[in-house]
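Look for subunit A in each of the two complexes below; its partner is subunit B in the first and subunit C in the second.
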Partner chain A sequence: MFLTQTTLVLVGTVLLGITAGLVGTFAYLRRRALAGDVIAHAALPGLCLAFLITQSHSMSVLLAGALITGVAGAFLMSLLRRVSRLRQDAILGTVLSIAYGLGIALTRAIQNHYRNERGADLESFIIGRAATMLKGDVLQIGAATIGCGIVVLVIYKELKLLSFDESFCRVQGWPATRLDLLLMFLTAVTVIAGLPAVGVVLTAALLIIPAAAARFWTDRLSHMMAISAGMGGVSGAVGTLLSARLDQMPTGPLVVLTASSLFVVSWMLAPKRGWLWNRGVSREELATAAEEILAANPSGGPEVAS
Partner chain B sequence: MNVVLLLAERIPVPFESGLTVIAEWLGQSRLNIENAAGTLLVGALCAATCALVGCFLLLRKMSLLGDALSHSVLAGIAGAFLLTGRIDPVPMFLGALAAGIVTALATQFIHRTGSVPEDSSIGIVFTSLFAFGVVVVSQAKGVHLDLDCVLFGDVTFAGMNFKPIMGWLLPESVRTLVPALIITIVFLVLCWKELRLTSFDPVHAATLGFSVPLIHYLMTIVVAMVTVSAMEVVGLLVVALLTVPACIARMLTDRLGRMLWIAVLSGVSCTTIGYFLALRWDSSVAGLAAVVAGSELATAILVAPKYGLLGRFRRSIQLKVRIAAEDVLAGLFRRMEQAGTVVSESTVDCRHRAGDGLAAHIAVRWLNRRGLLVTSDGMAQLSDTGRRYAQGLVRSHRLWDSWLNQNFDLPPDHLHDPAEAMEHFIGPVMQRQLEDDLHQPNADPHGREIPQAPE
Partner chain C sequence: MNAPDSPDAILDIHDMTVAYDRRPVLWNIDLTLPEPGLIAIVGPNGAGKSTLIKAVMGLVPVVSGRVSVWGQSVEQQRQRIGYVPQRESVDWDFPINVLETVLMGTYGQLGWFRRPKAKHRQWALECLERVGMQDFATRQIGQLSGGQQQRVFLARALAQDAHLYFMDEPMAGVDAATERIIFELLENLRNAGRAIVLVHHDLRTVAEYFDEVVLLNVRIVASGPVATTFTPEKLQATYGGRLSILDTMSEAVRSQQESV
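Coming up: the complex of A and B.
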């Protein structure tokens, strides 16, 4: 029984890691890394509203509500960018905090109103409860993986164009705005699928960290997607196995910490872009450059006014 | 200890008698009013402190730092617990502060050395630290480390948790909030010039010899301190108090000093209104404060005098009407010029000349009301003032025509459209400059006379 539960969680987190790695690649390249965070926070009021409207405890109903407000949050971001003079960072912070505040206010009101009933338990959505993942959760994540995977493969060329040169994409006549919204939608789907398992903050982490780590290893989009998805999957697997081995350790945070370690390794060791690599190269280059200057100016370099 | 408590009970709470009067007036128990006053005080202190630093975060494009700090603070609290093994406010506060500073430094370091975009590096650092914090908190068996309080905040509890402070019974959080507010204000006053300069023009500041990184790190430390002390009360929603009031103020003004005032006022109003809404709906004060802040921001975006949507809409309508009206005047003037006599035109034709539609309708009515057109029996003709106005327009048009012709290699049939657009924006001063530049021309490139400036 224990084994099956672990296997179930393992499948769920690995699939989630792969999806987030895949979608996160584009979010990272579009400089939208924190959009996932905002969407995840914007999903919270949706959970509560879905419960208030339908009075249903069914997870799929709640998640449908979350998806709607999550996408609404993404819309609100692009709307604010157009109508207000506020900059991107302020807009992200604003939408995120207002949505989160609304979520908390609604949850508290629900908890106080339906005292003895099981209200929508917000805390489990914020840090997730991967260890008690149900078959339905895994199926949802699987569906999200397949859906996002297919969409990304089908419009790979368009997304590539959008990620690297939005203006050119527009000039070529592609519907850049709609592609952008589609990308936001994919992000929202990933976030919502991961919400019950790893929670708000940690889904956002899975969208950012593997993609950022993958960027160190390659300059090719296809490779980056593969590496990012791979790292997401590996983080899911290692994190889950660690939490199964170490008693009482929550799965979601361990998955994220695994991803962070992979990021640190990539940041340090990756060829060409890695930190250690660059230290060596830049010193050599400095030395060469200095020698060249000296050779060109035997008198001791350009005169410096004292 | 007992002596202190005894003393505290003897020394009156500030506004003691005032509270009693209010309690009687509202028909509430004395305790309720005390709690309400405590909660409002704590909320206002939080909001004011956060709003002050929030303005500078906004101007320095660092708004997300607040979000990051509030999450990584959990790691600091957890780390302090790991080291000391106890729940003790002082080490935990120091741990949280350290975590805040680590977040800011690590974000910058990853951003610089790894060429990771700044928002991503913020995301990487704070989510990792948050994950670490959650792991440690989950290990704290048998000890009550309240994750709920960090996540959601509890303004009401903070406002009711009275402790004797300097002989007065005050909410315990005041002990950290008041020093935080004072330190913030002192920092702002002492470094006002430097902060202003480095926020608006860091390059200029650097060339003047100010240490931009030093100010940046001082700022970060102050923000970390403010975040940590406010989180005790409002939890993760400290982000709302840091970001939203500053955004509201930014929509309303362009002056830094005024921006700080507006931000503080709107922040305090958010927590205050939030508190009463929370009483009404039996919900979370911090959550509703964020919602109130959101609606205040929405209002500001809508009605702000200079940058608001309605204001911008009104100005664009006004411009549209003015251009339509001027098109009517200039058109009539040209016809008069050709015919050499007074010309009249039906109102319908006038409207058509102005491009039909609502703006044209309003424009023609406006021209009549201002006495620029004289209408009788549905036929309109230029009045004396109207003719002078139109003369100025046509003069602008033809001067611009000539100037374009002189300075740009454009074919003659390409001159009309830009001049048609520019004629609405050339005033007497610019007319004179153009005239001087063209050496007092008499005719435009199409050979038409440039009318003199109307007296």
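Coming up: the complex of A and C.
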């Protein structure tokens, strides 16, 4: 074998991190970051149902089931938003909890029923078990993430327009609803691809954290995507290597913790937007700045409507 | 306006009704715009001014009615329609600079997958120059004043090179300098044969700058040339019993009539 298990997992998590960084940039800017979390949790019952229906242990069959219920969870969420008048956070919390509760109950029931004979190790999807991923799994997951990453780069211009100004996007004749659905689908595929290594509970963090960290360093979308993808890839690599070094430490949480460290560093140290940079701004300086603006623009204030 | 339906009218709205939560916000709108010009839509808060232009562009669903532009559906004429949304409708902290924002105006012509080239950048810079913002091309849009942000939105609409523009309160909350620049720009567009439909809140400037006015309060109260439509009686009918506003308005109308 050319690849050691660690190298294999490394390839998978780095690709995952890069794609999650790219897709996550748009999820973050569209304020859809938590939708990824709902998709991940809604994926768990799908994994179980896929196993119960097909009795297959194949990763692609299980993940296909996960994708179906994950996307269904996302649709349920947007349906509830339209028909129920519930607030967004209440909807997210409700759908996520129901799906997760159902998923946990099903995994346990399957575990109990099959004991150790022919049961799939579904509980490993809850926080992920990268160490046991097979070469075939990694290849499939790698192909899915590379595919998503390429689609995002190809329709970069269209996604940028949609994310910044949806009504302008529509007025120009772009199919904004379908673009939005495509972005949701890319988010879902990325999340599902992350389940074997990072797990239901933590995968969404890979969408949110690198993108949020990247925002501190730049005011340009293209740069933000590059930085976010880079941080995602580095988190995947460092998390995997740490997990290989440290006995019994799961990969997923270490990947997420690495990403979180990068986030904290970004938040503290980034120029202009960072905490350290803004710490020195005093009340007096703000007052002076306000005075300068008013002086330069005497008619300054907003016109009062008659 | 209110001319008999002509298939070649720039804009022809027929029997349009829009409702939110079963409450009509626009009722039975009939409006024909046969010729280019500068058209103001005015009316009290909640009259449906923004909804009217959004419904025409297909941004909000209509209960009934049809809209044609140059005798065709809006969908077929997207390339010739420009839009300036309300400034509050976007996140100004978005990671994008002024030039990139203006370049978005060219996306419609670019079509799928193609990226803006040097000539598009040149064009976007020209549009920025027309609103006096060329020196801000590389600024992040959040670091601009409200008036400057509004001018960036106008430059983006200019980059669309449209023949029919819808603008949603471009003068709201802008400084006097920006307002002058915008009116100058609108007059240039009108003189170049473009039609501009503008949601407007400042009654004092209607008579001075606009050719036609639409008085809207859920229904169209009156529409036509400013001279015959923008009268105290019709304004009273539009604004109803809001007396405090009415005083200001009739004063505004009087001072306009004196100055004309």
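Just so it is clear, the second predicted complex is superposed on the first by the 269 of 306 C-alpha atoms of A that agree within 3 Å, B and C clash if a C-alpha of one lies under 4 Å from a C-alpha of the other, contacts with A are read in each partner's own complex, and residues count from 1 in each chain.
The definition used in the following text is that a contact is a pair of C-beta atoms (placed from the backbone, for glycine too) under 8 Å apart; a residue touches a chain by one contact, two chains touch by 3 or more.
Predicted model, so just to flag it, every value in this text is computed and none were measured.
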item	value
Which of subunit B and subunit C A:Glu158 touches, first, second, both or neither	second
Partner chain in contact with A:Asn112 - subunit B first, subunit C second, else both or neither	first
Which superposed partner A:Pro253 touches (first subunit B, second subunit C, both, neither)	first
First, second, both or neither for A:Asp89, with subunit B first and subunit C second	first
Partner chain in contact with A:Ser167 - subunit B first, subunit C second, else both or neither	second
First (subunit B), second (subunit C), both or neither touched by A:Arg215	both
More subunit A residues in contact [subunit B versus subunit C]	B
Subunit C-contacting residues of subunit A that also contact subunit B	215
Parts of subunit B lying in touch with subunit A, wherever the complex brings them together	58, 61-64, 66-67, 71, 110, 113-117, 119-124, 127-128, 130-132, 134-135, 138-139, 141, 147-148, 151-152, 236-237, 239-240, 242-244, 246-247, 250-251, 278, 281-284, 286-291, 293-294, 297, 301, 307, 309
Subunit A - residues contacting subunit B, complex	28, 31, 33-34, 37, 80, 83-90, 92-94, 96-98, 100-109, 112-113, 122-123, 126-127, 201-202, 204-205, 208-209, 211-212, 215-216, 248-250, 252-254, 256-257, 260, 263, 267, 273, 275, 278
Touching residues (chain side subunit A, partner subunit C) in the complex	29, 154-155, 157-158, 160-161, 163-165, 167-168, 170-174, 215, 218-221, 223-224, 293, 297, 299-300, 302-303, 305-306
Subunit C residues touching subunit A - in the complex, by the definition given at the top	54, 57-59, 75, 78-79, 81, 83, 85, 89-91, 94-97, 100-101, 104, 107-108, 110, 112-115, 140, 142, 145-146, 156, 160, 171-177, 179, 201-204, 245, 248-249, 252
